[in-house]
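Please find the structures below.
Paired with subunit B in one complex and with subunit C in the other, subunit A is shared by the two complexes that follow.
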Partner chain A sequence: MAKLPNPEELSKIDYAPPSKGWMDTPTEFKPGMFCHGSKPKSLETLEFPNPREWRPADVDWKLPENWKQILLEGIADRLKKYRSFRLFMDICVRCGACADKCHFFIGTGDPKNMPVLRAELIRSVYRKEFTIAGKIFGKMAGARELTVDVLKEWWYYFFQCTECRRCSVFCPYGIDQAEITIIGRELLNLLGLNIEWIAGPAANCYMKGNHLGLEPHTIVGNLEYILDDIETVTGKKIKPTFNRKGAEILFVTPSGDLFADPGTYTAMGYLMLFEELGLDYTWSTYASEGGNFGFFTTNELAKRLNSKIYAEAKRLGVKYIIGGECGHMWRVIHQYMDTWNGPADFLEVPKSPITGTVFENAKASKMIHIAEFTADLMKNGKLKLDPSRNDHLKVTWHDSCNTARGMGILEEPRYVLKNVVNHFHEMPEDTIREKTFCCGSGSGLNASEDMDLRMKGGFPRANAVKFVHDHYGVNMLANICAIDRASLPPLMDYWVPGVKVAGLHELVANALIMKGEKERTTDLRGEPLPGKEQKEESA
Partner chain B sequence: MKVLVSFFAVLVLALVAYAGVEAANLQYLFGVIIPYAAFVTFLAGVVFRILKWGSSPVPFRIPTTCGQQKTLPWIKSSKLENPSGLLGVIARMALEVLFFRSLFRNLRTQLSDGPRLAYGEAKWLWLAGLAFHWSFLIILLRHLRFFMEKVPLPITMIEALDSFLQLGAPLLYMTDVVLLLAVTYLFIRRVGIPQLRYISLINDYFPLFLILGIAVTGVLMRYFFKVDVVGAKMLAMSLISLKPALPEVQIGALFYTHLFLLSVLFAYFPFSKLTHMAGVFLSPTRNMANNSRAKRHVNPWNYPVHVHTYQEYEDDFREKMKGAGLPVEKE
Partner chain C sequence: MDLNALLKEKQPAIVEKWFETVLAAYPENTANIYRKSEAQFTNPLGYNARQGVEGLFDALLKGVMLEEASGFLDNIVRIRAIQEFPPSQALSFIYELKKIVRAEIGKAVAEQGLTEDLDSFLSTIDDLALFAFDLYMGCREKLFEIKVNEMKNSTFRLIQQANRVGGKQE
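And now, the complex of A and B:
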């Protein structure tokens, strides 16, 4: 692996485009900027075409003989299936409004990371093969032949887009490069050209129920560690249930929350909250993944992985589903799940057993976001909270791309956060809410071999954190996304050392006063609470 | 290169028409046949394009949400930026189409030492875009006077408003000036901003020059080299009543040049990015309500997929599940 340059070097970014036109500038595969190719085993598990050993840096990608025909038929098929695709191929005026909105362009200066040019990579082939003007005028009309080099260019740049939709916010026609990337990756998958960091977790999820490949007994075991930690902090022994038929609620969260910190602290938060409420709920080991790496692969695979959630809800006979904190999981659940695998007519409209609130906003899909659930609890005064337990934290809020631009859950988490912390500072206005910046590692790019790319793509996010870190001493970056919890810590260590990362419900649980708990001296991380440092020492 | 090709293409087109009329007396070709052909191409082409877009379904409900969703009653939702119903969608679309709402968000990202990223205001594109489109629309509307025996009141009002400065004779229309300035700005921006020049194609320069050419020939006719306006109106009336006839009087070659460039624009329209005019209405990231959890959206091509069922999962892990105290369906 190439050595990561230091932040000072990395932030010297040259935005001047090359003198030669982009069609004549060959794609150079720079180390640290791309991920390993998918392994044959993963593709076989998923029943995907062309499983074989291959390396993206190799000249020969071992493509099937008729690869071009497969791709062109794939494009034709998707033009028929997606109005978005056909429209976005036709109507871009190249006004450039989207150009400097992409974190990968801002972080690399590479013109092919401008959303408009990322789209042109495929649009140029569309013109050549599917439009009259392109057929007649060729290059004059911005058309070009599909060659192996073009294919490689697609691969390189469609895996340098995190499907964050920031470009779409600024485009006068709402042209969404995320949508084009999604379809572009689908095309690449027709030839077995995924990255292993996506294909591997997706295969795990298909067979074992979650991306990390945690088998049922491991899930139980991991949760037991987490429960022990809860007992250490609160003195309370919690006994959650798994795969329990007849529970009122099924709880689904990304498996990352059960695996490594700081995600595990968020899981502690869910467990403590539900325990305090006496909620009649169950975990599932079969549907043990909220996230969906299928969504970064093909529409079909996303649907296959997602199907487990409703299937399990049906099998267990629950009334409705609560979903944990995750970004792309919620884009999928909010905008796709019911369409793919619904109607969920075997479930009931979600109703909080604590407050009686009926969640009309989820009356078809029957699945609510935990921040919606918790905000409602707080509004109705159902939780006893001591926000001063978070006084050692100066917190800022990172809106995750998918929950911001593919759902719009902006105020619920802020409301919850303000109830549990005393020091909250927003990042600059143009970097939050619908204009939020990606962590740089979304859509399955949070591998370890593409650190250059991740640090570059995460630069705008980190830079905004640095602003509140410098001005207000912010030391905690809170969010509702499992990929954020995995990818922001290294990003912070690189650009803004001293800032830690937390899920929302970790901070909730810190502040939550539980019935019969012992006097807390530490937060969930085992760090002394403000004012309790002394006692720690004397004890 | 691309700029020059586009420029000369428009220039040659203009010269062809001018020479055709002046030297070869091809008035009927440029005044009747080509305009008809162009108009038919335009209509058929745009209809075809819309049908083509329309024939592809919208499988998923994918609005780009630019504000707070509608959930709990006490949380104020953003009705315009994240509409949850039809009314909100109509309002959102109206803002997009009439005022280019999304373009108004535009920012300029700047990197300075530190390193520090800053996001500055960048409203010029929005302003010029709006100025260009609105003046283009108003000019088109003003032209309707040529196609009607009695000029209706709204059009006379537009004319009066447009010339309220009361400058010069004939009275100066503001939109003429605004259009020329705005298109010039859009062009300068395209060649002046390195990234933009890098992404620009002939497909981008050509329509700009074409529109500029139409505007310039129009302005020349109105303010400098007078053509026979009465004759022009007679031709226009004859075209629209489907009884095409060249007027007795000579209208002037400049007029035919103007008309020809316009015809080219019309004919070019359906095959180009100019179809954004129709496409913007169909954009699924803008014209859908964000209510996919409240109201089921159906994908017409949804099909059954191969899934890994619970039963298969339990078969794979039954012993381990039992060992961990997990309930199983089959012992």
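And now, the complex of A and C:
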């Protein structure tokens, strides 16, 4: 009989030190750590190369014969096109400052999730093929051949990066691994190597205008549901308009807000706020998606999907756009839109019709974030608020990577929050604002089949929430991102049961005193308001 | 000296070694980072593992009921349950403690005729391991439940609407 390993041996096998260098440690596809491969139909819709049935765990990925040539040409193209990419390939001094800054490294312990190594996956091939030293000295110069195994390694680890940019905050050279991952994924897409959780929604959005592939009547139908819920809570019947030409403002939000709790409560919040202001705005059932899963695919597709919002704004003849609570939507608008589809000179610089504030910061994109819009309303005393309606909540704030690190929306949501809740507690300093920890599910990784990965990646975030939960009794994690609203509830369920998740405008609408509303007895979720519990029961 | 006094005397050394066996499961580069366990929020695994082994050993010394010490165990097991270790590997660090204790105080125990006391102490470590298996399984089940709930929640509103269109009662 074979000798059974003793506990000491057991604790060492498998995961243990790769005594070989990282280049010689083969990638093992572990269940729970990756998503399903893209389906041929999705790629066909997007007119992407190599549509076929394939499974990431299979040995044969059904690559085109000249795959290597395609990739190398792809790299060469991008080195020419993106100065950032060229720079990032050359300037890393391997100081290690970024090594322990990635939530996926912290949670998985896998060295290839150190940002420096993630970049090295592609850099090693760059050296081999595009530098003289690499060509001559090979491995000694950190260079290696592009093989199918290397390709698989890329796929596995570029889909274990949420493009959150936390590592870049700590890099003395500002090397942005998110940009490298973006290019890495773009290269993989040249061979049809996407995940279905991204390709499917992107294809839906391309055809129908939103990730879920909902048609106009479904969107309207679902909003009606939400309006019924608002009537139950406030007694007010709201009638928003759809695709209305000549409205002053187009409102665009992630479609997730209309179809899954707790996003739906956030949508109730938008509707109630706009109603109270008497805002001249319209929803669109065509540009019905704020999010942009194209951004997790290729720059070209991101551009195509983004252009829809502006085409719709033009068609309807609005003056400008207000965008709902989304994360990556804002990174796209803030950092890329103007280069891709700008200038949006057929629109006007956003000016709040209520306060007269001109949002100079949105001069180029003509689109303002609802948190900015609402903060401005509060600053000018335009809203009647009763924060005690949120007294059953002890709230903390999760800075979403894209809005916080990607565009610097740090103060506005906090300002809004402090106006609508009485109990607010910040998480520890190293885990908020620019240094915020990712939810672990961003950049299209919020599928269910990779739940193990998500729970690990979200561990540092959850750990900080646990601290404020244990110390201050925090029971609500607020944010302004639709992926957060979808992915933080399961994260909390695993790590910090008892903490729920809310969008900012859900809390705003709880506190908002509306003209002609009935006396509220519940919050937007139908939970009794503080002090109204008795009434509820006896009612 | 009784057993407890012996254990107490060696507590720092035992805890240190025990912490190392927890780290031994990870590649060297990773373990070096996890070892810097003061950083509660930026190195949550290292911090929690450290707090976990310290707290657990303290609880064992004080003879605290396992349920009460479960928070410390949770510190280590909850993350390991999702780190792709099979259960035997995820939890082997608990059995390691027996070996560490024997190595540290075995000789003194024999000299002072405390073997029986030691055996009973070591058997509480076995209980701890059983308890840890339950916790581990609980974590795996939780993960499964979360996946199911997520799928349900993401389609709930659509089903609600389909029912409405179909005229079904909710």
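Just so we're on the same page, the second predicted complex is superposed on the first by the 522 of 539 C-alpha atoms of A that agree within 3 Å, B and C clash if a C-alpha of one lies under 4 Å from a C-alpha of the other, contacts with A are read in each partner's own complex, and residues count from 1 in each chain.
Quick note on the criterion: contacts are C-beta pairs under 8 Å (C-beta built on N, C-alpha and C of every residue); 3 or more make two chains touch, one makes a residue touch a chain.
Quick caveat, the model's predicted, so the values are computed rather than measured.
With subunit A as the common reference for superposition, the partners subunit B and subunit C occupy clashing space. In the superposition on chain A, A:V116 makes contact with subunit B only, while subunit C stays out of contact range.
By the touch criterion stated above, A:G74 is placed in contact with neither subunit B nor subunit C.
Of the two partner chains, subunit B is the only one touched by A:K303; subunit C is not. Contact with subunit B, but none with subunit C, is seen for A:E372 once the two complexes are overlaid on the shared chain. In the overlay built on the shared chain, the residue A:Y286 is in contact with subunit B alone; subunit C does not reach it.
In the superposed model, A:Y225 makes contact with subunit C only, not with subunit B. When the two structures are aligned on the shared chain, A:R405 is found in touch with subunit B, with no touch to subunit C. Contact with neither subunit B nor subunit C is seen for A:G317 once the two complexes are overlaid on the shared chain. Using the contact criterion defined above for the overlaid structures, shared-chain residue A:Y494 touches subunit C, although it does not reach subunit B. Touched residues of subunit A were counted for both subunit B and subunit C, and B has more of them.
After superposition on chain A, the stretch of subunit B whose C-alpha atoms clash with subunit C is 116-124, while the remaining options among 8-16, 44-52, 116-124 or 242-250 stay clear.
When both complexes are aligned on chain A by C-alpha atoms, subunit A residues 7, 11, 13, 15-17, 99-101, 106, 111, 114, 221, 428, 430-431, 459-460, 463-464, 467 touch subunit B in the first and subunit C in the second. Listing the residues of subunit B that touch subunit A in their complex gives 5, 49, 52-62, 64-72, 74-78, 81-82, 96, 100, 102-103, 105-109, 111, 115-117, 119, 125, 129, 193-204, 271-273, 275-276, 279-280, 282-286, 290-299, 301-302, 305-310, 313-314, 316-317, 320-321, 323-327.
Those residues of subunit A lying in contact with subunit B across their complex are 7, 11, 13, 15-17, 21-22, 47, 79-87, 90-97, 99-101, 106, 111, 114, 116-117, 120, 131-133, 140-142, 165, 168-176, 179, 206-209, 215-217, 220-221, 242-245, 285-286, 300, 303-304, 307-308, 311-312, 315, 333-336, 338-340, 342-343, 357, 359-365, 367, 372, 375-376, 379, 404-412, 415, 428, 430-431, 433-435, 459-460, 463-464, 467.
Against subunit A, the residues of subunit C that register as touching in their complex are 21, 24-30, 33-34, 39-45, 48, 78-79, 82-85, 88-89, 92-93, 95-96, 99, 139, 142-143, 146-147, 149-151, 153-154, 156-158, 160-161, 164-165. Those residues of subunit A that touch subunit C in the complex are listed here as 7-8, 10-18, 30, 32-33, 99-101, 105-111, 114, 218, 221-222, 225, 258-261, 264, 428, 430-431, 448, 451-452, 455-456, 459-460, 463-464, 467, 486, 489-490, 493-495.
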